[in-house]
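So that you can tell them apart, the chains are marked A, B, C and D in the order they are listed, and the count of residues begins at 1 in each.
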Amino acid sequence: MSEARRAQGLNAESVREWGQRYSNWGRFGKDDERGALNFITPECVLVACGLPRRGAVISCALPFDQKGPQTGFAGRHNPVHVMLADGGDALAGAQDFIPGGFRYADDAIYMPLQCGTQWDALAHVFYDGKMWNDRGIELVTSSGARANSIDKIKDGVVGRGVLLDVPRHQGVRWLENGTPILPEDLDACAEAEGVAVESGDIVLVRTGMLTRCLEEKSWAGYCGGPAPGLSIHCARWLYEREVAAVATDTWGVEVLPNETPDCFQPLHMISLRNTGVLFGEIFQLDALAEACAADGNYAFLFAAPPLPITGAVGSPVNPLAIK
Amino acid sequence: MSEARRAQGLNAESVREWGQRYSNWGRFGKDDERGALNFITPECVLVACGLPRRGAVISCALPFDQKGPQTGFAGRHNPVHVMLADGGDALAGAQDFIPGGFRYADDAIYMPLQCGTQWDALAHVFYDGKMWNDRGIELVTSSGARANSIDKIKDGVVGRGVLLDVPRHQGVRWLENGTPILPEDLDACAEAEGVAVESGDIVLVRTGMLTRCLEEKSWAGYCGGPAPGLSIHCARWLYEREVAAVATDTWGVEVLPNETPDCFQPLHMISLRNTGVLFGEIFQLDALAEACAADGNYAFLFAAPPLPITGAVGSPVNPLAIK
Amino acid sequence: MSEARRAQGLNAESVREWGQRYSNWGRFGKDDERGALNFITPECVLVACGLPRRGAVISCALPFDQKGPQTGFAGRHNPVHVMLADGGDALAGAQDFIPGGFRYADDAIYMPLQCGTQWDALAHVFYDGKMWNDRGIELVTSSGARANSIDKIKDGVVGRGVLLDVPRHQGVRWLENGTPILPEDLDACAEAEGVAVESGDIVLVRTGMLTRCLEEKSWAGYCGGPAPGLSIHCARWLYEREVAAVATDTWGVEVLPNETPDCFQPLHMISLRNTGVLFGEIFQLDALAEACAADGNYAFLFAAPPLPITGAVGSPVNPLAIK
Amino acid sequence: MSEARRAQGLNAESVREWGQRYSNWGRFGKDDERGALNFITPECVLVACGLPRRGAVISCALPFDQKGPQTGFAGRHNPVHVMLADGGDALAGAQDFIPGGFRYADDAIYMPLQCGTQWDALAHVFYDGKMWNDRGIELVTSSGARANSIDKIKDGVVGRGVLLDVPRHQGVRWLENGTPILPEDLDACAEAEGVAVESGDIVLVRTGMLTRCLEEKSWAGYCGGPAPGLSIHCARWLYEREVAAVATDTWGVEVLPNETPDCFQPLHMISLRNTGVLFGEIFQLDALAEACAADGNYAFLFAAPPLPITGAVGSPVNPLAIK
């Protein structure tokens, strides 16, 4: 990666400037809590429903289990799944009180909502005391978020999905850690794929990082470490194209180390907080990438409903592409 | 409800007989773990994608929070949502180590997978030591289910959804507790709605019970108590029509008390275990019912992906109807 | 209870005044995080060890399970105990990989640390931005308490315990809800029991409220509702007698409704925050009361070690009286 | 470690034989669930109370936090501590509804009961379908243990503690992994320390392994890996001396790899299941070892009460030595 392609001279102050420049605060009403998802109009949904040609449904979720990517960064851990009732109980006679031979299994989960394939809520990041649409961060306390929480978008996320398979386009298996993906990279990839990103699109950017981790059987560095990802310059691109949501196969969407040495995750600060774009992380895009390459069709119906957990700042999700 | 309409003389033995009669074991291969979802062919998916006319997306999930329906039955409880980082931390300076002003919130959940709007996995119920497709229950232990678990259907559940709004059809606000819904009730309702249930359909049966609980602001009896629901006679109906999945706005799909005094949840035992039908419970169907009544269209594209929790016997879900 | 005995004219301002008057801030050094436990000198421990005459050990803990007292107040719930491995797994053959026939059971718990028999840490309550020993509340965030946390007293709590069995002394089975226990009540009770409260004592005050709840098989109102308990006037008594810790068989030590209509839990605000007294709650004192009544001896060796959970603001505890 | 000292020719069959030979089943009544703790008579307790000379209290617990020893072995993980209310909430105004300025912090924990300093319950291990005192393992299911659970010993564990500081006696900082500690090692150590192990004693055996892990800042191999520990030959020693409980600073008390190549944790199988000895693991004995070395006194009052978690097969504990 040549230094020339990196963001030059950008810093925390630029982030604040760009936040103002690419802001959608107030655009959807002062009480809006759905952000750029508003770009997905009913017409967009209908157009998306018209895309499938094969009737294939492809999950973009990583399995939720102890083999997940978390290794302790930021206090997150992989899901802990426990059984509350099971076949062993039935064998032990512990369910013999249920008449007629009926036996059952139940289970429970303890998981950070950000531990696997996930949507960040608009209440997930903030700075200078404010989050999306000029809401104060004092609304996000131990009781949860009283604004911009994930349950506010329970009727989403459905629309046209577009996969931008950057490594395939560039002829590599995966992008190197630290590689920023620039707007021109996205445009070139889209053009080669024969799609154009439009207002209300849900853009899935594949970097191949997850592919590599699975192949190497190691999540070392996946969470919070150096990673390929969107450049801060994509802030304008996301804003101008009116992208509704963006998701990647990485931990944090953005290139790491960040291009702003004095500012962590600047694209979150601009595009999630000010532009209102929904961010998706740890998406498993390999099967979808294979399918798109096979039929040459990179646009599809996409349905990725978050769980409406009241006051939550994120949600695990099983995103489905329907081709 | 006249006694004459109730199942007469059916018992645990009948359940076993009907289980054999309406069995799909082996039909989709001896290793199948997807059951009746196999009826949703690519053609079914394409047909379903062609249904939407308005571009409206409607969630069928109850909020996941402490106001949920659980009151302790079977050891289940409502979701416990906790914050791992929040705006208060930012105010307290606890995140000042993050450069550039970036601040964030994170959270976690502890929840039984059967506590709210949910799909039962095919590993959820069993008898006589066997579950779906002749798999032994010794495969379901404290480590989870090694067969028929919810992650095996991660590429689902997408297809044509049909809402059968029984109380609206019968001119009542909700069915009384203990009311069995018979096949002829379903057929009459469908006919009045102008739909016909077909192979691969996902059938949503509204009883109004959840509507009543919300209106009365009380979940007393909702979980495990007397309830309206499908009669055991629906077992044949589900089998013959090749229904892929059935979901209701009740705790357990079936009428309670069960029609078989000596056997608990007989329809689960027949239709889930032997026919392989996916069961959905605690679906919030009120908004969808309103929308269907408004446009007179009771068939729609339906996407309700379970979280692929490895080895789980169920999953919370945010089911989306797209009209 | 005559109104004349109630605190007259005390309010939030009085609480702040008394907090200053009965403050031990700085008394044990500016970095102290153990508070009044410092009054338990090695001599106190040796004296306590000399008390037992019978060699009897009596637990003062309520069982930790779903039958506990929590009914949702303040977001607390009873412990959720789950099995990670069990005998059913062994029967199912799930542990057959372990050589030589060795089989085992494992388990886990999810519990609020304040849900049952518990010590409050000195970081548990605060006002005006400060907690014990002039520490700022910004030290208590989602990452836990960086000062005054429960692990700072891991070498406690061991010393002389004194049971003040107020209802037995007053000839009633339990005190009525709303009954304030005044210093003179404590003194009269102690005198009748033949003990004198001394510097470093751990004082257990029985009100009988828990006895009543168990007898009535109902926890209604136990958590946060009207209760007998220590009057705000005990603040001076706790301070002057240099009591190390005080515990009751109630939810919150103090009388409820509080004697200060404009101020919640004023005794916590004075005695825990300023005097540094450790507060214990939901202690099950019935067996101990029986034992003390039987031998007429109300002073004993007392060992009630909190779990040293790093940064925690409380801990479940199994307090033991050794007579 | 010379092979000559290792157990020769012992196997799973020997384990079953020794289990019968050193069995206490029935000795304390057919319904007993306290095992060898019955050896701690009231006289033992009184003798123990007479031991302290200095009034010092020393915790033998490792902190319960994310820095604990678990690295995933057997599905166990370190404690997850979360805040339910905190100082940040107070700063955000989220507690302003509480009158008089009262503010507070609450917290919760999710932890495997075997993740840190812990007592194994008598329901923790079993073979051939039986656990302590001829109870069937079908009593240990997803609902917990209906016999031999940790809550049955809630009035313990208090008695005379004896520290056997093996590495100090042998002039090394810690024993090498794989070193079996033989009865003669224990006897030589005790003799050098001037103590004799007696009926009802709680024996703490220090190996130094935990000291090494802390010094090396690595838990690699601590859980389930090669370790110093008690030889299977200690089974007879524990039985004949009527030891009530034994605890070490290792993960599993026993030497690893086990001396019986075809049998895992044979000492658990004999001494816990048949002799009924309580096993304690992951005890932090360094501070106690220092104190004992300083005053030359290796016997002390010991109080280590488990939490009475109903049906649990273990409990975290903060064991206190009082000297």
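Keep this in mind: contacts are C-beta pairs under 8 Å (C-beta built on N, C-alpha and C of every residue); 3 or more make two chains touch, one makes a residue touch a chain.
Because the structure is predicted, anything quoted here is derived from the model rather than measured.
Undergrad: B-D or B-C: which has the larger count of contacting C-beta pairs?
TA: Greater number of contacting C-beta pairs: B-C.
Undergrad: Thinking of A-D, which of A-B, B-C or A-C forms a repeat of its interface, with over half the contact pairs identical?
TA: B-C
Undergrad: With a Cα-based fit, what is the angle in degrees between chain A and its identical partner chain C, given to the nearest 5?
TA: The rotation relating chain A to chain C comes to 180 degrees.
Undergrad: Using the average of all C-alpha atoms in each chain as its centre, how far is it in Å between chain B and chain C?
TA: So the centre of chain B lies 45 Å away from the centre of chain C.
Undergrad: Averaging over Cα atoms per chain, report the distance between chain C and chain D in Å.
TA: The mean C-alpha positions of chain C and chain D differ by 27 Å.
Undergrad: Using the touch rule from the top of the page, what residues of chain C touch 2 or more other chains?
TA: 75, 80, 82-92, 94, 108, 110, 137-143
Undergrad: Please output the residues of chain B touching chain C within their complex, sorted ascending.
TA: That would be residues 66, 72, 75, 77, 80, 83-86, 88-89, 92-94, 110, 137-143 of chain B.
Undergrad: Looking at the complex, which residues from chain D come into contact with chain C?
TA: Its residues touching chain C are 11-12, 15-16, 41-46, 49-59, 61-65, 67, 74-76, 79, 81-88, 90-91, 98-114, 123-129, 131, 136-145, 151, 154-156, 158, 260, 262-266, 268-269, 301, 303-314, 316-320, 322.
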